[in-house]
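This is the structure I have questions about; it appears just below.
A, B, C and D are the chain letters, set down in written order, and residue numbers restart from 1 in every chain.
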Amino acid sequence: MKLELRGITKRFGSLVANDHIDLVVEPGEIHCLLGENGAGKSTLMNVLYGLYQAEEGDILLDDSVQHFEGPGDAMRAGIGMVHQHFMLIPVFTVAENVMLGHEETKAGGRLNLDAARARVREISARFGFDVDPDALVGDLPVGIQQRVEIIKALSRDASVLVFDEPTAVLTPQETDELMTIMRQLKSEGTSIVFITHKLREVREVADRITVVRLGKIVGEASPTASNSELAALMVGRNVELTVHKEPARPGAASLVVEHLDVIDANGIKVVNDVSFEVHEGEILAIAGVQGNGQTELTEAILGIQPRTNGSISLNGTRLNGQSVKKVLNAGVGFVPEDRTHDGLVGEFTIAENLMLDRSDQQPFVKGGTLQLKALNDFAEEKKREFDIRAESITTHAGRLSGGNQQKVVLARELSRELKLFVASQPTRGIDVGSIEFVHKRMVETRDAGVPVIVVSTELDEVVALADRIAVMYRGSIVGIVPGDTPRDVLGLMMAGETGVAA
Amino acid sequence: MEETLTITFRKAAASSLAGVGLVALLAGCGSAPSSDNTSGGAAASDFLPCIVSDAGGFDDKSFNQSSYEGLVEAADTLGVEPKDVQSDKEDDYAPNITNLVDQGCGLIVTVGFALADATKAAAEENTDVDFVMLDDNSIDLENVKPVVYDTAQAAFLAGYTAAAYSKTGVVGTFGGSQFPTVTIFMDGFADGVAYFNEQKSKDVKVVGWDVKGQTGSFTGGFEANDTAKQLANALIDQNADVLLPVGGPIFLSAIEAVKDSGKDIAMIGVDADLYETAAADNGLFLTSILKQMKSGVTDIVEAAGKGDFDATPYVGTLENDGVGIAPFHDYESKVPADLQGELDTIKAGIIDGSITVESPSSPSTK
Amino acid sequence: MSDNNQQNTPAPGAAPEPAAASASASAPASASAPASSPAPQPAAAPAPKPDTEAPRSNKILNEILGGSFLISILAVLLALIAGAILIAATNEDVQTASGYFFSRPGDTLGAIWQAVSGAYSALFQGSVYNFRRDSFADGIKPLTETLTFATPLIAAGLGVGLAFRVGLFNIGGRGQMLIAAACAGWVGFSFQLPAPLHITLAVLAGIAGGAIWGGLVGFLKARTGAHEVILTIMLNYVAFYLISYMLRTPGLLQAPGSPNPKSPPMAETAVFPALFGSKYNLHLGFILVIVATALVWYLLNRSSLGFRFRAVGENPNAAKVAGIDVKNTYVYAMLFSGGLVGLAGVSQVLGTVTGGFSGGIDAGIGFDAITVALLGRSKPIGIFFAGILFGAFKAGGFSMQAAEGVPVDIVVVVQSLIVLFIAAPPLVRAIFFLPKPGGRARRVLPNVSKEVAAK
Amino acid sequence: MSVTTPNTPHETVDPVDDGLEKAVVKKWKAPIAFAIFVIISALLFFVARRDGVTELRLSAENDAIKLPSIEAPVMATGIVVVILLALMTAGAFWLANQAKRIPLWLTAVFGIVFMYGFLTWAGADKSIPITGLLLGSVALSAPLIFGALGGVISERVGVVNVAIEGQLLAGAFLSAFVASITRNPFAGLLAAIVAGVLVSFVLAAFAIKYLVDQVIVGVVLNVLVAGLTSFLYSTVLSSNTEAFNTPPRLPRIPIPLLSDIPILGRVLFDQTIIIYLMYIAIALVFYGLFFTKWGLRLRAVGEHPQAADTVGIRVNSTRFWNVSIAGAIAGLGGAYFTLGSVGGFTKEMTAGAGFIALAAVIFGRWDPIRATLAALLFGFATNLQNTLGAIGSGVPSEFLLMLPYLVTIFAVAGLVGQVRGPAASGKPYIKS
């Protein structure tokens, strides 16, 4: 089916997220939509999928104008979508998720689960998936969850399939498999829109590339274009693709983790017998696919995981079993992976967020009373130092862009006397300018002699920053390798293969 | 989606409005009254009688209601339009009384011990207004007439009656909340049963109230709710065949429990003769413990309306017929033949003091 | 207050490019974040922001029409209209006259006017100024009554509002007030002490009682994760039955020599002195709630503890990651909340009903306080004025009943409608055909449905 | 780029077999609770000892099939009960030490044995009517069950329903009024449904359309309905009680045969239509929620509204209509107050039943069956209090009246603790 978007404009209040966007996707074509985080790609696809209604413009399928009131209309018209954040209900089984929205029923209104199971098996067989229709989605690894998403779209006979940042949660091997699937779909005549900001993938799979920046289409590129050409087009200026850093000069082992287990609320060992050291003045990157225990590991260091075995010690002081407050006071700086959820209070001003983890300490508090003057001076200084782009320090943190929010978190954490710095997904969902800034600050922190742990699912980031890389798989560390380890080796390790680490 | 929602609301709103409109339309088709009648009735008196309820409200099927009816009756006789205000909460009493004073009330009836403090304060401040204080005799002021009832005396007779009537040898009682105005009935009732046992060497048991320990069955409030009904059921399950529910409308719940049980169970009413007022189910009432509040209030208000207010405390007793028990009505034939005679003797004994009926909750006689 | 700079339009000029990013990236997932700038006090006009896109005059007009002050006024108006409809519809004269509406419609309209204007003028005369009195000193008495009724409402409202700010919903006002009243009352009638000392001790005892009863909820929530809504409701009943038992048991709270479930009167030395002489009922309690309002303002906006309270209330997860002990914060918050609600109980026994109290001494204030806190948007100053408004309704309600026979329940209806309308500015705007404000929907009421994960 | 890794098919890992290791977690909460009850019963029987014989009556006089009463000697029963309880507690500790779950049946048996012992102790030399105790429990639970079912539906679809109290009260009011006017209790039932739905409309409108915090709308609605019904009661109903507030009661309809089953027959199958409707409602809600398209969509919307939206389910209208259904069920519960039980509306007659129902929803973990059981527990505690009062326990009435509330606190704080509700409950769904 041929898909055409004509002059799509979508506004949020006074913000123009999509500005007169035109796009044509021919049948059996993989059309790549390339752009930075926040360029408006997802908004455009949500318009296409009927989730948002555009203020202006038309959607045409095979040259007839469509009107989508909701995703139901879009699906009926043959559009399917594999969402960046999976649209799956974790407490439902695979079959239930797949049937949701177009359920078949038997007598008495009883759900026909057998039909749904059969459908799941049939599509799985077609693409060589191995998906148990009765597994609870919440128990499945993300890679499998994504296949469920694909099955969901295909079970509705989608002839235009949108993949929204599908590789963010996949190992390199899984990414390759996905590319294969996409080609297979294409060969069956499905039109594919592939949204990403990863240049590598674009060049590998795309038939055509459209680049979006700040809500507008800034150009088309051919798959043969070079990385730096594509990056420049995407960002609007020449971009440094690598992080400049001197070789590490590691000092003494500072953070020592020995035989650490973390047990979650369901009694599952989400971190299993993990041991490693981080030295002063080095960056240890923890690589791995989302959900392999990295989050829980960093949370255990901070003290918000209540049940741990083993020990975590910083310069000889035991950290686990201590309150979060004590850990922070021991000099641990922490950037949580979900900054709006765990890092910031959206309703607080930038200034208030900057004192969040020192709410009872000089110079912000004296005698139980907030020292607003000191706080304001501090905030003004940090706003300048970290280039936080906001109207003023009284702007609410929730109103900032992702990049500026992350700068607020960094400003707060890096303004303390640090003995250890832990950053989880420090650049997730932020613009290239901010990514560069964040990376620079992290290397500076390392160079100041602070041990740094960075957890990232992006291999690019891991490779760019790390002095050493620990790869986690299903709660355990598969191996700790030097920072210049080849990507394919890392990829295998991320899939749990231990032998390659040697 | 938004659209559907809006439409739904509008539809719902529109249809309910239409309904209201329709009713109005139908109702509006009557014809206008022929002439402007300026308030009919007798002599336009300046006397303005007023009443404040306690938190029970004027439809409590108990003392608030009787007092209110008494006031209305007196006002009708006097040809005046009374004012009434209800209290919902404890801090309503004082402002309610003050506001009635503001409205120019000449006599204010305050119902229930809870209003005593507020009444006293208002009476001290407004010496030109007369007050009738029901169910409390703690105030000693020129312009306050305390009115209390020694209902234990009447309840004693009812207890004796119940014991004499009971075939199972078990009689039951329960109350709303454990207030003295409630337990005074239960005390007298239990004492009456005990007196019967003593006289006749019988062992009729009272369930739901223990005089000595002052513990028993209460619903925790004065609502005719399911808790009250189940409590009545619990007593019926203890084999009681006479029930005395004390406390406003909870007798309604007891009626339902009795009817559901399918057993032959007699009930005893309180305050008014429920045979007269509980229309549909009056066949259930063996007798009622009368607390003649209605006529008491009527008399006092009428007297005050004629300029005859005196602050002498009034204590309703068997002697002055302020309390008593109602006729057996339908049960006339079912009670022992000599019961009425025995009751008369006991009544005389209580009046002359040879039988003492005492309850911790009896009004103290000054 | 540091957090009342409301922004109706997303910060213009500043960082246009990242702003676009945040909108498209996070709009569906976390719409609450940008949509929930706390609104200013009803009385405080929002400060106009520089705006480069729209003409300034439009902007100002927009602020006035879309402003929360106007919405508040209109909400009150709407609620009063709804109340008027109820009053008219249930008025006997109106019913009689409407029976022949089509033959003489004037009668019906006249009767409606009579019923409604009579009721509302009684409401006004009972709560603000009574024109039938000769002297100003007498005429103004209703206003002092309003303030007297407002006193416990403000205190309890502050307590409930404080809990809201920490993300807790304290429906346990009734129980906390009862326990506080019992504690303060017991100190008030059992001892003979010099007045200032006696009052101080009684007040402290009451606040402590309320704080303990509230803190118990915080403790159970922190320890077991039980939901505070259930706990507070259940503890209301437990407190009520406990106090009822003590009130009818000689030697505990019952007045000696009386069979009634009622406490002895407070000793003279424990009674709050009247502020303007014995002619008026307004007592020291009102000064205490002014002080309490100021203290709560300081606590929330200027103190380190209040900072943590707000942080936990707005985002318990971020607070936890920032080293704030969320569970302890819940306990502290419930202690403070219970203590403030306790002050309402104290004000009842030592100020309003000093002749001894019974089991209904809370007078439903614990529940009214919820609506007061909501109307005041959980901010101390707002709660103060909301409490006075509700105090006026309460005071006026009595005169409305006495003069016109309108049941006081109408006041409850009007009050709850005010809160509902204020909570939904779009509805009010739609009813009055007002334009939409430029900004996105603002959250005007505290969000209490947040929970921190059990970790 | 040129990643040339061998394209080995990724092995699907079965989360259970190859999954993460299960840590050995020992949970001591339940055995400790068991132990507390053993101590309580030991104290009762051996410290506050009572002698004599307790009669536990299993049938009433007019039952078709009569069972003999159980004559239980208090001391002997006490010894047996304490031993049994102690054995079960030991078993529970053993299970906990093995990091195994305490099976539900063990808890149930434990509860029954404890209750048997307690009743024997409390009723020394008296007789305890078991049928009456259960009958009353069902009656007292009925409005709570309706309320809780309404709560379960509403919260499962993502709208926190604090307004159950208001729905019950509105249902009670309108059913009394309509049934009185029409002299037809079935018209009253219908009116109760309408009343509940109307309250739900307001809840839904404010929560879904105007995005007001759902807890707050609920609370304010309760106040509004209480005020409105009280006002109308004072002005309309009590002006002419005969015409407006004497609803005819629903008749009891014994189901042939079933109602003759000993003990439970009369408790369950000799009831008014409203109780039968309750059975149907419990069954329908359970079946509907977990086995039908309606339930699947409803739960999806409550768990992950965005996911539901992306498969074409209209989130807000799904919420709107299901909140309305919830209101209808809760409203029906309101009718029980006026048509099923006593007759006649009085001010604020629901007296907090809606909040108890809310507690049952949470205690029952948003499951219709468990919530029903929680409501039954509360009803049982309330009626146990009635029975104890009637047999003369010597405990001040106020403390007996506290019993159900203390039981709820114990259940919620001691047994349940933090529970996970539907993920999106309480959160408005905003698309753009």
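Convention: a residue touches a chain if its C-beta (ideal position, glycine included) is under 8 Å from a C-beta of that chain, and two chains touch if they have at least 3 such contacts.
This is a predicted model, so every value here is computed, not measured.
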Shared touching chains for chain A and chain B?
C, D
Contact-graph distance - origin chain A, target chain C:
1
Compared with chain C, which chain's mean CA position is the farthest off?
A
Where the centres are mean C-alpha positions, what is the separation of chain A from chain D, in Å?
43
Whole-Å gap separating chain C and chain D, where each centre is the average of the chain's CA atoms:
31
Could you grab the centroid distance between chain B and chain C? Build each centroid from C-alpha atoms only and quote it in angstrom.
36
Note the residues in chain D that touch 2 or more other chains, in rising order.
209, 234, 306, 314, 396, 398, 401, 431-432
Quick check on chain B: which residues sit in contact with 2+ other chains?
1, 86, 178, 220
Two or more other chains touching the same residue: where does that happen in chain C?
27-29, 32, 241, 244, 407, 409, 454
Can you list every touching chain pair?
A-C, A-D, B-C, B-D, C-D
Within the complex, which stretch of chain C touches chain B?
98-104, 107-108, 126, 130, 132, 145, 149, 241, 244, 248, 257-262, 265, 281, 348, 352-353, 355-358, 360-364, 395, 398-399, 401-403, 405, 407-409
Under the touch definition given earlier, write down the residues of chain C that touch chain D in their complex.
27-29, 31-32, 35, 86, 90, 169, 171, 220, 223-227, 229-231, 233-235, 237-238, 241-242, 244-245, 249, 367, 370-371, 374, 407, 409-413, 415-417, 419-420, 423-424, 426-427, 441, 443, 445-449, 454
Touching residues on chain D, where the partner in the complex is chain C:
160, 162, 202, 206, 209-217, 219-221, 223-224, 226-228, 230-232, 234-236, 306, 352, 355-356, 358-359, 362, 396, 398-399, 401-402, 405-406, 408-409, 412-414, 416-419, 425-427, 430-432
Within their complex, chain D touches chain A through residues 1, 3-5, 7-10, 12-16, 19-25, 288, 291-294, 296-297, 299-300, 303-304, 306-314, 431-432
Can you check the complex and tell me which residues of chain B touch chain C?
24, 27-33, 55, 83-86, 88-92, 94-96, 98-100, 102-103, 113-114, 116-118, 120-121, 136, 138, 177-180, 220, 360-362, 364
